[in-house]
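What follows is a pair of complexes built around subunit A, which joins subunit B in one and subunit C in the other.
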Partner chain A sequence: MAKKTDTPKERLLNRRQLLKGSAAAAVVAGLAPTFFIRNAWAEQAIGNYPVNGSSVVFGFNVPQTGSYADEGADELRAYELAVEHLNNGGGMLETLQPLSLTGAGVLGKKVEFVVGDTQTNPDAARTSARRMVERDKVIMFGGGSSSAVAIAQQYLAQEMGTVFMCGLTHSNDTTGKDRRRYGFRHFFNAYMSGMALGPVLADAYGKDRRAFHLTADYTWGHTQYQSIKQFTEAEGWTTVNNIMTPLGTTDYSQFLTAVLNSDADVLVLNHYGKDMINSLTQAVQFGMRELQVGGKDMQIVVPLYSRLMAKGAGAANIEGVFGSTNWNWTLDDPGSQAFVASFSEKYGFPPSQAAQTCYVQTLMYADACERAGTFYPPEVIKALEGHSFTGAGPGEAFFRGEDHQCFKDILVVQGKGPGESSGEFDLLKIVQQVKREDVTYPVQTFEGDLGPYEPA
Partner chain B sequence: MSGNLVNALTLQVLTGMQLGAVYALIALGLTLIFGTLGVVNFAHGALYLIAAYLAVFISTELGFFAAVFIVPALLFMVGWGLERGLIKSFYSRPHTDQILVTFGLALVTEEGLKWAFGSNNIPFPLPQWGTGIVKLQEYLPFLDGFVAFPKWRLVMILVALTVISLLFVLLKFTRFGLVIRAGMRDSGMLRFLGVNISQRFAVVFGMGALIAGVAGVFGGPITQVSPDVGMHLLVPSFLVVVIGGMGSLGGALLSSLILGMALSFTAEYSAVQQIIVYLVAVIVLLVRPRGLFGKQGVFE
Partner chain C sequence: MMPSTRTFTFGREVMLMVVFGALVLGMPQWLTWIGGYEALATKVLIWALFALGFDILLGFTAYLSFGHAAFFGTSAYVTGLMLKHVSASVIPAMLAAVTVNLALALLLGALILRRSGIYFSILSLAFAEMLHAAGLSIFAKWTGGDNGLTMDTKPVLLGIPMEGRPVFFLCAVFVILGFAVARQIKRSPMGLMLQAIKENPTRLEYSGVNVMAYKFAAYVISAVYAGVAGSLMVIYEPYVATKFLHWSTSGELVVMSVIGGVNTLLGPMLGAGFMLYFENVVQSVIGEQWKLVLGLIFVCIVIFLPGGFMDLWRRLRALLGRAKSRRDNVPDAPGSIQEAREANYAALANMEEAS
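Here is the complex of A and B:
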């Protein structure tokens, strides 16, 4: 910029010089070979990059209303804790390896955050996320508790050049056919649930079983049904029938009647949240846990479990029911314990798996920025792709570059009955910690295209 | 007919009846209030919600039978208070105003409960005597093999039938019922005859709430207890009232049975089931624009 001068003549002269200089610069820029200024082109403005000022803003878009509001509230608690730890240290910053974060913000900037409400509705989530990007200038956003919501936000992220760290989403599609360059998932998926559960179920209930599925009628339910069917049939089970149930159904009697009067001896509930609470409770009311079909005890399986769901259904109803989960607060590895300790200290109760995944994803994004040395999205994405880390849960975790799915140990759990449970949060018993290698599948399993690093 | 078909049909009919039973109980209160007072009460689902929450806490503390008596009594008082405190100011105002204020009330109730108890479900276990299944083949000799139906669902059907019968006796054979029926037919004429119908309005509103209370106690373990249950039930229940004919008790009963059956028989076809309630509404209203038993001049 021209130096400030005192007289009008000098100012005029300087303005002329400036104009001449600008014209010369434009000519040079137009004629110069581009390889001389490659880096200047590489870091063009994308999304809200470059970040100006002394702080950087993250956006946390969680269900504050609707069916998953309790999970959203827990996600938000985890996000607040993550920001606190990013700015001041503590929590998993003590356990994560490798780690470039220092506990003094990210790239020297203090982390601030804004909050939105997804309402567990893809349209509302997109509107809220768009507002965060456009008005609040977030450099990254994350959160949510539904695959339909996650997928909708992922497409928006790609469109707007702003990285989206998915919250809780379990559909295969999120990192399958709907995978996006700007979306990353730390949470496990339905295919991994199937791989983990198939052998455990066959071991517990035998190989000659006939399963009846009730499935939530949207992307997550569809993919979970396919995966559980595939892996139980591989163990020798037969799938008798599947009924797609509308999301948000409160009375499952019309579907359970069909189960009761089929020759199925296992009921698989591909339901989540309140849907699972209602369908499981009603299945128990229908006496299914006491039934014998063809000389075998009838069994109920809930492939995706969460502690919040177990609490809603009640210990008496979940006793002995198998399922899989991403993480549980009773794990004793240093990362889990560091997170549980700081969360419990701040809020007075242990975190849910939704909280854990959101917390880890926020730290992972921040760490990737530090490692990349920039907030420039393509570089941050490259830093996350193929990144391995420990200290965020049991074993080593790995973000696969080709589909942005994180692979790590997952848990097969069983509901604890009222006699076994030691308190209102002690509801799931870890039956098996399934190793990462056993739930890792080839990237070609699902077709999909991540899209470009630089949004069109 | 083959044995399997008879079994399946029996089960579908029973399922249809029990699905219809919850709708019937809610729709009866709705149509009673509308028929008598001319108020479109969108807060009726919220009354069910309050009843379910009260029922789960009272049954935990004092036992289920205590809830059976206390909750409807409390709901009567809630309904009475609601009419005296709010609804009576809206009798002379347009239906749209009534819908707005009652819908607003429903939203406030839902969010209030969410704030107080969280949005997750509160487990409402069945009383011990209501759990398990009834082996229908032991009672119905025409059934072939093992045919099971949950005991509580049969209890729900019986409760709905009892409440409906009591309401009919009350309306048909008592002086209070005579006044109410006259009020439903022509409240203006009743006033000309010197009957102070407005004094009875609060009682009628309380009765509607009381029936929602009964539905909450017995339906709570079925629908479960979470803040959005009221809204989930409101739309189908309102459709029951519209299909049956606004203000017609018999119509509400018949249409709840029709909708229950429609839902039950389409259960295996998700795409059809999601629209079947509205499809039935469209067909009925095309053939009979005032609903099955709707009267000329009501809500027109």
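Here is the complex of A and C:
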């Protein structure tokens, strides 16, 4: 027992008692693990394979909060629709070729899903994905906006042995230096944007243009700036300058002043979401669209376009502005039409490109399971690698096995002015449907290593 | 003045540590009963350690650092780089991380501890933000910039791969140790000095105490806790997000401490557990409105429970008549004031009746 010390009213610890206590604690700490650890590593399966029971769970990890929450909400709508179609048929299940899906679940199991919030933040996305894999036992997960989030989740997917279908991610790194065996991207990338836009821009604006770039300062901005620079310079353009702007900047006046003080006659905005809306609107307020530099009309280019952004910037500001996009709801191929019809019927408005890419990749994953005849991840991955399919958009699409990038036709678009637009969703005019062959690049363009089929 | 009205006795201390240890070690079990999962338990422990160290600074001395992410993040990056480029072994990585952190704490402490109150908070925030900006720009080659530091390494401790349970136990050991050390600091003469800094640093200085040395010690100790937590974070998940250096990490830490109960040691850990549980489990039930609900809960806690969760515990005890209600975040014991006031009223009433 504790003995009295000199301190009045206090019975303090002395060293011997502390040692005894520590020893006791150490014994408890040493024994406890053996109790809890029992059957922790009994099963040598990969991820959540094998799937037991009559249903299989997919995880959809989308930004429900943060700067890309609008995209996330649309992705989630698409995912719900995809699950509905997987279980009951309909939508692109009627147009995809080849197709092993029957519209009665996947491999005879009903598809269920759980949802998580990436908060547009890599760390939160990984925690959320971990919850899905560990607690909710998902066999695959997908979604997300922002390349940093996608890359962080891809590494986690490889670690956990659970296939990840990247959502909206446009950085070259996702299937470039950070490509992973367990990650697949259906969306296009900045390099393809450059290949598609370069010739169109040179055609429209001439070959002796001087471009000034404003670039969002993170992985996607960097790779897009590199790609657009490379492909416009190949057409004879000169890159005057580039300024990296912090992500989430609201006031671009200092950067735009630098543009005005240069002799540039084209402004390239490597911005996305709210950044693009702010920088474009402010550039218009600076009078850049009426400006003449060296006898040429000043032009603005937004390499990665989306309908949600066009809507935010307003029809008057985007009129005639060139950009590229993965997909647009006005496409008239049967796959796009089937998807737009069922999406509009369910939600009352047409889907965005984020919705389309998430919808398609969920079906592609499910179809790969059917074709492989198993949920065993290495077999599913092999079934997806090198797979070609039609009916998910214009032309034939192809998942390249060496880097898991999907190649397909992409669109060069131009903003529609208030006069041309037929409604609040009709904001982009398709200038050119760039053929798959013209945006396919050799796999050696970017260095990277996919890693093993079976995670160590 | 006594920092705490309850004395430390051997029996109590052992009881407390045993109960605490059992709760921590049993976490993967009981957390799954309430919808959690094992990896969450590990993450909760890491944040609990971070918050515990923070309480040594904020709770004891009332120095509100808004830049503790600097220590957490720096340590995470050092650990990550060591694991990726030097060796997958945990021990050198952690040692390097804590050493770098110690140096950083000494440097930052010397620069910013000369100020107090809001100036200290702003300075700590400024330095942390500088590190964050540097991590994204001049160090981007090493930190991986906005992509975060990705790696394929699987950390190993003495031949045991650090995944699942082993990494949980590693964190549990640090949390239990950290808690025991923090309790000892609290009851030591140094703890008393730190509490005195909160009360009146000028007076302490006049009595010949080297206030700077004491607060420096508290600052460095809390930085080491943050460093160990940051290091464990990367061992638990071999990935470093730039968010670890971002001010929002410091902000979350402050919120955890406040909702848990500052200067209670247990409170901030509870706060950390609550925040992570809400963010990962309750969120999946509520859906996209979860941040709104979380905000409402904060507001309610600040208004109705200014002493955080630990205040609730104290109030419950008071209700049951087992102990007098104490609130550590209020310098003077309100109970005594209340009693004095009541005595005054009674005396006044008597006088009125008499007249």
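FYI, the second predicted complex is superposed on the first by the 412 of 456 C-alpha atoms of A that agree within 3 Å, B and C clash if a C-alpha of one lies under 4 Å from a C-alpha of the other, contacts with A are read in each partner's own complex, and residues count from 1 in each chain.
The rule is short, and it goes like this: contacts are C-beta pairs under 8 Å (C-beta built on N, C-alpha and C of every residue); 3 or more make two chains touch, one makes a residue touch a chain.
The structure displayed is predicted, hence computed values, not measured ones.
Undergrad: Taking the superposition as given, does A:G248 touch the first partner, subunit B, the second, subunit C, both, or neither?
TA: After superposition on chain A, A:G248 lies in contact with subunit B alone.
Undergrad: Is subunit A touched at more residues by subunit B or by subunit C?
TA: Partner with more touched residues of subunit A: C.
Undergrad: Per the contact definition in the header, classify A:S388: touching subunit B only (first), subunit C only (second), both, or neither.
TA: neither
Undergrad: Between subunit B (first) and subunit C (second), which, if any, makes contact with A:S55: first, second, both or neither?
TA: neither
Undergrad: Counting only touches as set out at the top, which of subunit B and subunit C does A:N88 meet: first, second, both, neither?
TA: Touch status of A:N88: no partner.
Undergrad: Give one of first, second, both or neither to describe whether A:D217 is in contact with subunit B, with subunit C, with both, or with none.
TA: So A:D217 meets both subunit B and subunit C here.
Undergrad: Where does A:Q97 make contact in the superposed view: on subunit B (first), on subunit C (second), on both, or on neither?
TA: In the superposition, A:Q97 contacts neither subunit B nor subunit C.
Undergrad: Let me test your reading of the model: by the given contact rule, A:L308 touches which partner, first (subunit B), second (subunit C), both or neither?
TA: first
Undergrad: Is there a shared patch on subunit A that both subunit B and subunit C touch, and which residues make it up?
TA: Looking at subunit A, the two contact sets intersect at 65, 69, 73, 217.
Undergrad: Per the contact definition, I'd like the list of subunit A residues that touch subunit B in the complex.
TA: My answer: residues 65-70, 73, 217, 243-246, 248, 250-251, 253-255, 257-258, 260-261, 274, 277-278, 281-282, 285-287, 290-291, 308, 311-314, 316-317.
Undergrad: Going by the contact rule set out above, which residues of subunit C touch subunit A in the complex?
TA: 7-11, 13-14, 17-18, 21-22, 25-26, 28-29, 32, 35-40, 43, 136-137, 145-148, 150-152, 154, 164-165, 169, 172-173, 176, 180, 187, 237-239, 241-244, 279-281, 283-284, 287-288, 290-291
Undergrad: Along subunit B, where are the residues that touch subunit A in the complex?
TA: 7-8, 11-12, 15, 18-19, 22, 114, 118-123, 125-126, 131-133, 147-150, 152-153, 221-224, 226, 228-229, 232-233, 263-264, 267-268, 270, 273-274
Undergrad: Which residues of subunit A touch subunit C once you look at their complex with the stated criterion?
TA: Interface residues on the subunit A side: 1-2, 9-13, 17, 21, 24-25, 28-29, 32-33, 36-37, 40-41, 64-65, 69, 73, 114-117, 121-124, 126-128, 130-131, 134-135, 147-148, 151-152, 155-156, 158-159, 173, 178, 217-219, 222, 247, 451, 456.
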